[in-house]
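In what comes next, chain A is part of two complexes: it sits with chain B in the first one and with chain C in the second one.
Entry: the complex of A and B
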């Protein structure tokens, strides 16, 4: 038996983007145990949504739960509120929500990939990935008016329509991005140093993914074919615009990279189909009803299943709002997947989890 | 949403009978404060489409300790630890302090009396 060391990492650390803390117990550089603390930024958003804001204002509040997947939160909340007031939104609004969600997925996945590259010691690839990501931020600004925190989905539909020239601009930029993505896939897949660092690192099996209820690309990279877009057709017609499930089997950092990259091709295809088949209709359904009863919604955010529970009481203020973010579901597996790995692989493994503690702690 | 009303005495037995990690995905434990009672809800979802959601519900008095389901669903400890801090309820083998700092107001999601 080698000498054991306890090594703290975080809550602020050069390789961490998020305020989380791990305590690793290592033996001969191998991690044998991990303790995690993920709650440094509790902001009381659920309580604020049920006491300080009217239910129509809440979609703007939950947009602040996370900067990266703001559209997922505002859409999930809007959907759960629409269930409570019993309205169906126009078909064009559904398509526009899917458009922004998929563009958001592109920028979120590229951000994650860039940080895996950076934490693996590949600074040039980090910069190249971030450079290629820029187009998605510009397009989101063109559609929503903001690069992050879009306030695009509102109760009843969406806040803005898509201008035809912006639609054309998106299609043109996607053609350029397709070539850039091919280049990125080649590097992430075939670069010898990156593969050496990432293959086998932070792996979990499909059985562990099921046992620990893992969600998102983390689960799909381990072979667990779980994607809310494959399941819920009633609220947003994902399959109609070309959704396809992407999975891998290795369950390691490399597999997570490849799942995210291949999902970008699916997102691009869906965006093209959305713009080419955008229905003509209004973008909002008006109602004067107050929320009543209880409802739940699941939505596939870039990091996985986002869950919203809401309970109304026929007043403007909700009785209860519960938000379960994807990273929340992945905390147990994050702790498990470190075991048996070299301590030097920790930064790349953490980045490959794509953790969002802002969402988790809310 | 398939809602199953149960009791605090039967909750573990009911979840143990229902939950199969190959078929079901555990989502979260939630609680709603009704003033004198609290409704605790355990949410599960099928993996296979149409992915029906099943929720086990039970009404408890705030001072009652509820059983942990960690021996059935290994990943449930995070949701249980959050509930203990945010709703100020007692869950078997779950200490306070995972979500909130010790000097923070306990149970911020509880109704103010």
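Entry: the complex of A and C
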């Protein structure tokens, strides 16, 4: 038995995007125990949503919970508020919501992949992935009018319609991106140095993933077929636009990369189907009702299952709003998956979890 | 060898990035930019002020009831909720023009807080004055009724 060391990592660290603190107990280089602390960016958004803002304004507030999955938060809140005021949104609005969620998934997954490459020490691939990611940001700007905070879903529908020329532009750019994605898949799958760093690192078994309630690409890489898009059909018709479940078996960093890359193909196919089969109808249902009762919503954000609970009391201001972000569900498994790995592979493993601390601590 | 030629080829390629302040970046036609306001069309219903999530719009009112529109581009989140709430089309609209940076002289945060408070106060003063005048009128009407 070697000597034990305690190594802190974070809350400010060069390999971390967001304030996340880990305390590793290592035996020589091998990690045997980890403690995580995730609540560094608590901003009290839930309290603000229940005290300061009217229920129609809250969809813009929760959009600021997280920059990357902004549209998932606004859509989830809009859906929960629509349940409270008991309205059904037009079909076109549902399709437009799905379109923006899938485009958002493309840019979120590419960001995660690029950071895995960077943290594994492959700076050139980081640059390449970020360069290819730019098209999705520009398309989102063309659809929603803003690069980051989309403010696209509002209570009752969506804020703006898709112009035909923007739809054409999306299809054209996707054709170009498909070739670029093939190139990326080739590098992520076959590059020798990257595989050396990523294969077998941060592995988690299917049983552990099931026991620790893992969600998102993290779970799918371990072999758990867990996707909200596969389960719920009443609010957004995912299967109608061609959703497919992607799973892998290894559960390590490499498997997570491959799951994300293969999900991009599914997302692209879904976007093409949405634009080609966009139904003609209004984009918003007007209502003057106030929220009443309780409701719960689950939605697949890029990182996994997003959960919203809301309670209304027939006034403009909600009584309670609860957000459970996907990273929160994954924290216990994140700690588990470090065990038995070398300390040197920690940055790549953290990036492959795709942690979003702003969502988690709100 | 393949890598070597690729590197040589990359030396003569144009960079992917744009030289931002000197070159224009991609801005779509319907970019969510500054909020415009047309005083001649406005019916002064203050719905935009009620709808605005970050409270970037406020109306002040002077003694003879004339309202003035105030807008802070640093507080605005460009969600165009005010445009959707407006009952009169064209009175408030979104331009594709990006907001400029604020200068220190503008005192855009603290100055806005003061302005916001004053605007609310001016409206309260006007409302109180109106109430007082209405009460006086009613009182004079009542006394007039008694005389008759």
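Here, the second predicted complex is superposed on the first by the 362 of 362 C-alpha atoms of A that agree within 3 Å, B and C clash if a C-alpha of one lies under 4 Å from a C-alpha of the other, contacts with A are read in each partner's own complex, and residues count from 1 in each chain.
Methods note: contacts are C-beta pairs under 8 Å (C-beta built on N, C-alpha and C of every residue); 3 or more make two chains touch, one makes a residue touch a chain.
Since this is a predicted model, take the numbers as computed values, not measurements.
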item: Touched partner set for A:149, first chain B, second chain C, both or neither; value: second
item: Partner chain(s) touched by A:332 [first = chain B, second = chain C, both, neither]; value: first
item: Contacts of A:230 with chain B and chain C, given as first, second, both or neither; value: first
item: Greater chain A contact set [chain C / chain B]; value: B
item: Partner chain in contact with A:131 - chain B first, chain C second, else both or neither; value: second
item: Partner chain in contact with A:296 - chain B first, chain C second, else both or neither; value: first
item: Common ground on chain A, meaning residues reached by chain C in one complex and by chain B in the other; value: none
item: Contact footprint of chain A on chain C as seen in their complex; value: 16, 26-28, 30-32, 51, 53, 77-81, 84
item: Contact set on chain B toward chain A in their complex; value: 1, 21-22, 25-28, 30, 32-33, 41, 43, 45, 47, 49-51, 53, 55, 73-75, 77-79, 86, 98-100, 108-109
item: Contact footprint of chain B on chain A as seen in their complex; value: 37, 39, 42, 44, 46-47, 210-213, 215, 226, 228, 230-232, 295-296, 298, 305, 307, 309, 311, 319-320, 322, 324, 328-329, 331-333, 361
item: Parts of chain A lying in touch with chain C, wherever the complex brings them together; value: 53, 56-57, 60-61, 131, 138, 141-142, 144-146, 149, 151, 154, 159-160, 163
